Structure formats: C-alpha cells, structure tokens
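Presented sequentially are two complexes of chain A, the first with chain B as partner and the second with chain C.
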Partner chain A sequence: MNATVAGLTWHSLVGRRRALLLFVLPVVLIALAVLVRLVSGESSGSATDLLGSFSLGFLIPLLCLIAGTGAIGPEIDDGSIVYLLAKPLNRYVIAISKWIVAIGVIVLFGVLPTLVAGFILAGNQDGVATGFATGALLAGVAYITVFLLLAVITRNAVVIGLLYALVWEAAIGGYVPGAQTLSIQQWALAVTEKMLGDSAPALGVDSAVGLTTGLVLLFVVSLGGLVYTGFRLRSIRINGEE
Partner chain B sequence: MSSNGGVIHDIGFRHYDGPRLGRGYLIRSLYVESLRGCYGLGRSAKSKIMPFLLLTVLVAPAVIIAVVAGVTSMKKLPVDYVGYMFALESAIAIFLAAQAPATVSRDLRFRVMPLYLSRPLSRNDYVAAKYGAMSTALFILIAVPQTVLFIGALLAKMSFWPNAKDWAAGLLGALLLSLVLAGIGLLIASITPRRGFGVAAVITVLLLLSLVSGALASLADINGHPDLAGYFALLNPVSLVQGVLHWLVDADVSYPQPPPGTTGGLVFTAAMFVVIAGCYTLLLARYRKVSAS
Partner chain C sequence: MTATLPYAPRAEAAPVEMKLEQVSRWFGNVVAVNDVSMTVRPGVTGLLGPNGAGKSTLIHLMSGFLPPSSGTVTVNGEPTWHNESIYRRIGLVPEREAMYDGVSGWNFVLANAKLHRLPDPRAAAQRAIETVDMQAASSRDVGTYSKGMKQRIKMATALVHDPDVLLLDEPFNGMDPRQRLQLMDLMTELGRSGRVVLFSSHILEEVEQIAAGIEVMVAGRHAASGDFREIRRLMTERPHQYTIRSSDDRALAAALIADGSTSGVELGHKTGSPLLNVQATDFNRFAHRLPVFARERGIRLYEVTPADESLEKVFSYLVNR
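Take a look at the complex of A and B:
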C-alpha cells in the first residue's frame, strides 16, 4: 500500500463530477427507503425487496463499475499511467493501493447506505440490515477486483462490465439457472441468506449457490483477480487511441 | 475570402479557386461520419466489436422467430413489433451508453471543437449533426430487427395489411424511442471528456430512472392509486415512450398501469416532446461555451 498512489486514486475517484454520480445513488436509495417506510411502515419484507433489487442488484454493481474501472481506466486511457509505472514502485503495490481505495469508496457510498437503508426500513428485525450490508461488502470486494482487472486488460472495461452485471447476472441469470452459479450477486446473497437464518425463506431470499461455494468463490475471485491484476500491470502495453 | 461560405486559410501557399462545398456539405459529412462512427465503421476493428455484438443481440432473436414462424407456418407472430423493442430495451440502453460518449466525448477530449468551429460549421449545426447521427444509429438498431420480423411474417404467408400496420407502428415507436434516448445519452455524454465515465453515467441515469419510477409506481399501485402509478412511468424515458405508444397505437405496457385515458396519453406525448426539445436545447447550451473540462 502506497499512500501517494492511494491519495491520487482517491482524488481521481471522488473529485469533481464523478463524486456527483457517486453521491446521487446512495441518496436515492435512502430517499426510497424513507418513502417506503413512511408509506408501508416498518417491515422486513419491503426491506428485503428494496435492498435485494436496488442495493445488491443495482447500486453495488454500478458503484463498483464506476470505482473499479475509474481507479485505473482513465489513467490507462490517456496514457498518464506511464508516469506512475516509471516510478520505482512494485506493480503489485500499485494494484493493491488502487484496490483498497476503490473498496473504501464502495464502503462509503454503497455498504454504509445499504446498512442505513436497512435500519430505516426494518429496524433491528431479523438482521436484515446487517445481512444485506455484509452481502454488499463481500459482493463489492469481488466486483471491484473483477472490474479493476477488466480495466487493466481491456479498453472496453465499462461496457463489458455492464454486459456482465446487466445482461449476464440480471437477464440471463433470470432465465438460465446455471448462469447464476457464475454470479457474484448470488455468491454474496448466499452469505446474506445465512445471516438472515430462519427468516430467509419467508423473506424470499434464496441464493443459487450454497454458503461454502459462495464464500470460496468470492475469496478465490477477489484474491486471484487482485494477484492477476498486479501480474498484468507488470507487463502492460500502452496502446494509442483506437 | 470566398463568396459562398467556404474558408481556406491563406498561409501563403498556392491559392484555391475551385468550387466550395459549403456549410450543408459540412453538416452532411459530420452526420455521415458520426453515424458510421456509431457502428465503428471507419475505425479500428476493435471498436466495431461492441456495436455489432449489440446489433446481433437485437437481430438474432428476430431471425430465430422469423424462421420458426416460417417453418411451423404460424398464423400470427408470437411477439408484436412494439413489444419486441421493449423486451430488449437493456441492449438498446447499453448501445446508447457505449456509443453516445464515443460520438461526442472524443471531440472534447482531444480538444478539436475549436477546429470544427473555425469552419463555417456553427455550434447548432454540430449539435444537429450529432443528434441526428445518434438517433439514426439507434433507429437502425431498433428498426432492423422489426423489419426482419416483418419479412419473416410475409414469407410465412401471414396476411399483409395487419402486419404492415403493426410494422409501421413499430417503426414509429423506434423513431420516438431513438429520439428520446439519443437526446438523454448525448446530453450526459457531452458533459464529460472521459469515455469510460460517460458510459457509466449514461447507463446509471437510465437504470436509476427506471428503478425509481418502477419502485414508486408499484408503491402507488399497492396503496390503491393506480392513476398515480400510471403517471410515475413519466420518470422513465423508456416507459414514457411506451405510454405514448399505448395511447397512439394501443401497444401493450409492461408497467403496473398504462397512462390513464386520453388525458394520460396527451400528458405523456407532451412530456415526450418536452424531453426531446429540452435535451436538444440543453445540448445547444452546453456547446455555446465549449471547453474540455
């Protein structure tokens, strides 16, 4: 972890207009939570609906897409990454610094708002808030790793990430049950399901994978992806504009 | 320097006395090149992958449906033309998100706007050409599969007039949807010179609007305000167009409630034109004082 790299990444992620987009998403989540609470009262059912679809299904993947690819993508795009790579820094350290900052952004703008929205909607019932926040954190770490790696590998990282999060996880996963086994969202949901315990079936939280499989896959993807990102950074090729 | 609006800067080389092609030609060229750019034509092979992949995603199901309809000699297509376009709206949204920044962000990032504007091309011409190109690209993306369905229906010897009518309704829907989406996409993309961020911003805004309006609509529906639920569809550009089409050509609506009656239809149509005109005006305002920022 290198403080300078981390600081620069932090500024490029939350500086200027990017921050606006990062702020809008959690604000909308909290606003919807307050509205649902006012209209339908405290219920863990509506909390599960909103957190499952809006937070785990939309907020976390998109924030991770912005933060994960934004942590390194623009630098590679405009070629200024060479100034960073020319410094006597271990490439793994660069990857890890950017990874940690991106996770910090997710915790701040994704996981904490999920926790707050959970408490607003369901209070302390059934551990809905903590269950979904934990799921969001684990999913966030895995998504960040995947999107950071994508940004290092390809110029089209954002579009490919979108295709994965929207088309593979949401659309294909809905029709082809097998596709859900390869879905970060489902792995994280397995943890949420476990944390909700006995009330999970009643709330309709049902992951496509078991808890062990989910945890192992999350761990393998997060660690393996990070190591491979560092490895790719060791021999990155800087191309010109398309 | 010249009488019909052409400009060639005199830097001391041999003079040019031939015909000048003028402003109309510039707009036409910018339009054609932007449209080709939306599909990656005239660019590297890499930038052709994404648009043609998405075009395939949209066309492939139509081809399959058309072939199946022909082989099993169906009497009626299993999907209607308007419904087909809304079933694949996420692919359309991804196409917009991927190509709108490619259309406008590059010019900002490489600071070539001053070069464009030092020609007889005005700011309004630039915006008109880009808006036209983006909506034409979206229209092609949506209309080609509908036309494939239509041809399939005719080959399967279905009756001509009902199909032609539905096909025309589908094309109208394609036109309206592409105008609305192109406006929103370009407006967001024109704010940032970063392509990656533009892609994320466009898709985030579209998804956010659809999720928020969906959540509000079902909330209103559950609490017994179906009319209000219908009006929440206004928030989502896609369901806005869907509402207009429901009123105009009686298309099915995937929302909790369609817009209520004639008033609803008029409100939706008015809102749609406000969105299109508003996006265009804001784009003009954006390019009034253009910098890469």
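Take a look at the complex of A and C:
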C-alpha cells in the first residue's frame, strides 16, 4: 500500500459532496435502531429485521457503491488520475491502496454502525450484532472490489452498480431463487447465518447459498476482482480532449 | 517563475532522446495519428497543429498513456507504454485542468514528490514551487486557483522529480501575457540545460518564440519538421489567395496576371458586388507590386483580404505539398 495514494483517495472520498451520504446513512441506521429499541425494547427479531433489510440489504451496498466507485471513478472521469499514473509506481499498489481506503470507509461508516445498531437493538442476544457486522464486513469487501473494478472498466459504473444492488439483488433476487446465488448479500448472509447458529431459523435468517459456497465466492470475487483491477489499471488508456 | 534554473544541467555526453518510429494510433475507424516518425532531442520543441490534428494523442502516446496501434515510442531505447519506471525520466503537464481540488498547492506538489519516492520530498516540492513562483499561494486549495495558477502548479508537479523529458499539452492556455512569458523563460532554460522539452500548441507565434525545433501535425500526419524559419518559409512561400475589391477589377487583373507574382486571377461576384480572386505565387513580390499597379493605373483599392489565412488551410498546404 502507498500512504500518499491512500491519503489522496481518502481526501477525495470524504471531501466530495456525494460523500455526505457516507455520513447520513449510518446516522439514519443508528437513529432507527434507537427508535425501534425505545418502541419494542431489546429484541433479536427487531435487530434481525433492521440489520438484514436496511443494513445488509441497503446501507452496505449503497455505501460501497459510493466508496468503491468514488475511490477512483471521478479521477478517471476528470483526468486527475494522470497524477497518480505518471509515477514510477506499480499500478497494483495504486489499486490496493484505493481498495484498502474504500474498505476503511465501509468499516467506519457501514460495519461499525451495523455493530452499534445491533447492540442497541439486541445487546448480546444470539450474537446478532457481531453476526450481521461480520456479514456486513465481508459483503463490504466484495462489493467494494466489484464497484472499484467497475469504475476502472466503465464510465457507467454507478448506474451498473445501482442496477446490480437494487435491481438484481433486491428486486430480482427477491422473486427468482436462482438469482440469489449470484448475490453478494446472500454470500455474506451465509456467514451471518452460521454465526447466529441455532437462532438463525427462528430469526428468519436463511441464506440462499451454503457457508462454504458463500465464503469461496466472497474470496474469489474479492481477490480476483482486485487482481483484475490492478491489471486493468496497468493498461488504462487516457486520451486527450481532441 | 525563476529565471535562474535551480536544476542541474544534463551531461552533454549522454543526451536524452525521445524517438517515435512509424507510430500510428487509431480509434475504431478513426486514425488519430498516422505513421509518425520523429526524434525529439534536448531543447525546446514545439508540436504545432490545428485543433484535432492529433497533438494530444501524440503526447499521450509519448507519455505512455496510450499504446501505439503500430510503431514504437521510446526514451533512450526504453518503451513508454507499460513501463512505469519511465516516469522517473518523464514529467507531464496535461491539458486538462482537473487536480485534487480540496488539497493545497503545497500538499499536492509534495504528494507528487512522495509518489516519486524522492529522498527529500519536501525540499523537492519547495524547489518546484519556487521555480514556478507559487510560494505565496501554495497554502491555498488547488480548487481556488485561477487557470494560470493551476497551470503553474501543474508545471511544479511535472518538475518536482527533475525529469529528463518534459511534455506539456497546450501549456499556455489560460495564461495571461506575463505568466506566458515567465513560462516561456522557464521552458527555454530547461531546454538549454539539456532536457527535452516538448509542448503542443495551435499558435505559430507561440511556438516560434521559444521552440528551436518545430514538428507540424495536420490531420494525424507529421506534416513538416524543422526550425521555425524553415516552417515560416514553407508557409510564406505557399500560394496565397486574396480577394480584392477595387474601382477597376478588370484592369487590375490584367496588370497582375502580366506580372510574375501571380499564377491566376478570376473576376467574380459575391453578394451582388464584383470582386477579384487572385492566386499569388510570390507573396513578397505580390504584396509590393499590388499597390504600385493600383497607383500607376489610378485604381482605388477598397479591400484586400487573404482568402485562405486560416491556420487549418496553412497546415493543409503543408500536408498536401
């Protein structure tokens, strides 16, 4: 990892206007958690509902879309990526540095708020908080990898990412069981399900894929996507405005 | 910008050389650069051509941001494409303005120095910022800079690692006359110190002020090469077309065609009024003889307009000659 690339990426990510969502979404999650806790009291069921639908199903993919594409997409679009690329610096190092910063952003604004919201709603009950936070972390890593890669290979990364997260995973995945097999959310949910142990069926946590499949797919997508991002960055073509 | 260059001159025994050999670059069916071969040596070289001539594409090929579709681009034998280590030798001032707007000028130049893994990045950043005379504004965010200031900070990032080759894409865009002169001085000094300084421009006067060598690009082709006198001569010796309105076009046409300075005259009309189209083959003689003929014959000249002075037409002549 290169600290300078990481610093510039961090600055770009949290300095841009659309990064406001990075701050707003976790605040909404915590506020909802506090509200539900006040209304329903401590409950694993409420925690599972909120963390499964809002955190894992909405907050994490959306934050990852912002952080993953935002870590490199705007620089490619406006040409400022030239200042990183015109350096005697391995392109894989650039990709890994941006990947780590984006994951850091997700941990800060997605995973930790998920953990906190879980504790607010369910305390230590059934390992709900840690189970969903772990799922959020693994999903976050995979989402970030995919969205970072999308930003390197296409200028429509945000649109494609939104279509994947909202249409494929949320809409199609809800009705077509086969589609769930290709869902990062479901792969991560398999880990959460395992961590919830015997409580999972009662809480309605049921992943479309098995634990091994989920872990293998998360690993393959995260590692393969990162390697391919570095490869594509090595061959990225920048043309003038003529 | 400083007139005394704070960078050591390059050894004359081992001159740096950027070489393009039969380089072409096409995008789908569009040929942006067509079979260009040139060698750029130490000193200031101007890459001259109208907009859309392929100058930026050529600079991107030179700076390793585009692979040639065919041919090779090398710096002292090292390819520029897929070769990150080449950026130890190359400094690039891109045309596009975008930088990291929320970062101060100082931090941005310092970040560039660190990315080059220089032994003393702070000293290098300080030197580069002083060279472009941006000390006073270096604590301000880049996003608050004027176009000319951005251009200077871009120059500082390109100079920070003291490169052998400096590539500048339309560097004078947006600069006021004073800033332009300062940048010209700096580029001249860098060229004199044994570095390859290549910049693109579509303005001949800009290029001929500082460039010892000029490479002319037109429609993706390498149209001409030489010093500015040679290019200027090619441009002035080409046939010039003029549109003339006078009190007696026919008499003037007869006098001009009888003279050796023109190869053709044509009586015509435009928007209802008569005019005379003239093709002059000897520009200097034509410019001298025309008022003499008019005076001798008592003809009043109402209008003498060059009909083909646009830069594109001048360059087109160079391509087609």
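Basically, the second predicted complex is superposed on the first by the 235 of 242 C-alpha atoms of A that agree within 3 Å, B and C clash if a C-alpha of one lies under 4 Å from a C-alpha of the other, contacts with A are read in each partner's own complex, and residues count from 1 in each chain.
Keep this in mind: contacts are C-beta pairs under 8 Å (C-beta built on N, C-alpha and C of every residue); 3 or more make two chains touch, one makes a residue touch a chain.
A quick note: this is a predicted structure, and the numbers were derived from the prediction, not measured.
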item	value
Partner chain(s) touched by A:Arg234 [first = chain B, second = chain C, both, neither]	second
Which superposed partner A:Val5 touches (first chain B, second chain C, both, neither)	second
Contacts of A:Gly79 with chain B and chain C, given as first, second, both or neither	second
Which superposed partner A:Leu38 touches (first chain B, second chain C, both, neither)	neither
Which of chain B and chain C A:Arg91 touches, first, second, both or neither	second
Chain B versus chain C as contact partner of A:Gly15, first or second or both or neither	second
Shared chain A surface residues [contacts with chain B and with chain C]	78, 241-242
Chain A - residues contacting chain B, complex	17-18, 21, 24-25, 28, 32, 35-36, 39-40, 50, 53-54, 58, 62, 65-66, 69-70, 73-74, 77-78, 151, 155-159, 162-163, 166-167, 170-171, 241-242
Chain A contact footprint on chain C (complex, rising order)	27, 32, 51-57, 59-60, 63-67, 82, 84-88, 90-92, 94-96, 98-100, 102-103, 108, 111-112, 114-117, 157, 169
Chain C contact footprint on chain A (complex, rising order)	2-5, 7-8, 11-12, 15, 78-80, 82-91, 234-242
Residue ranges of chain B touching chain A (in the complex, touch as defined)	43-44, 46-47, 49-50, 90-91, 94, 97-98, 106, 109-110, 191-192, 194-197, 199-201, 203-204, 207-208, 211-212, 215-216, 219, 222-223
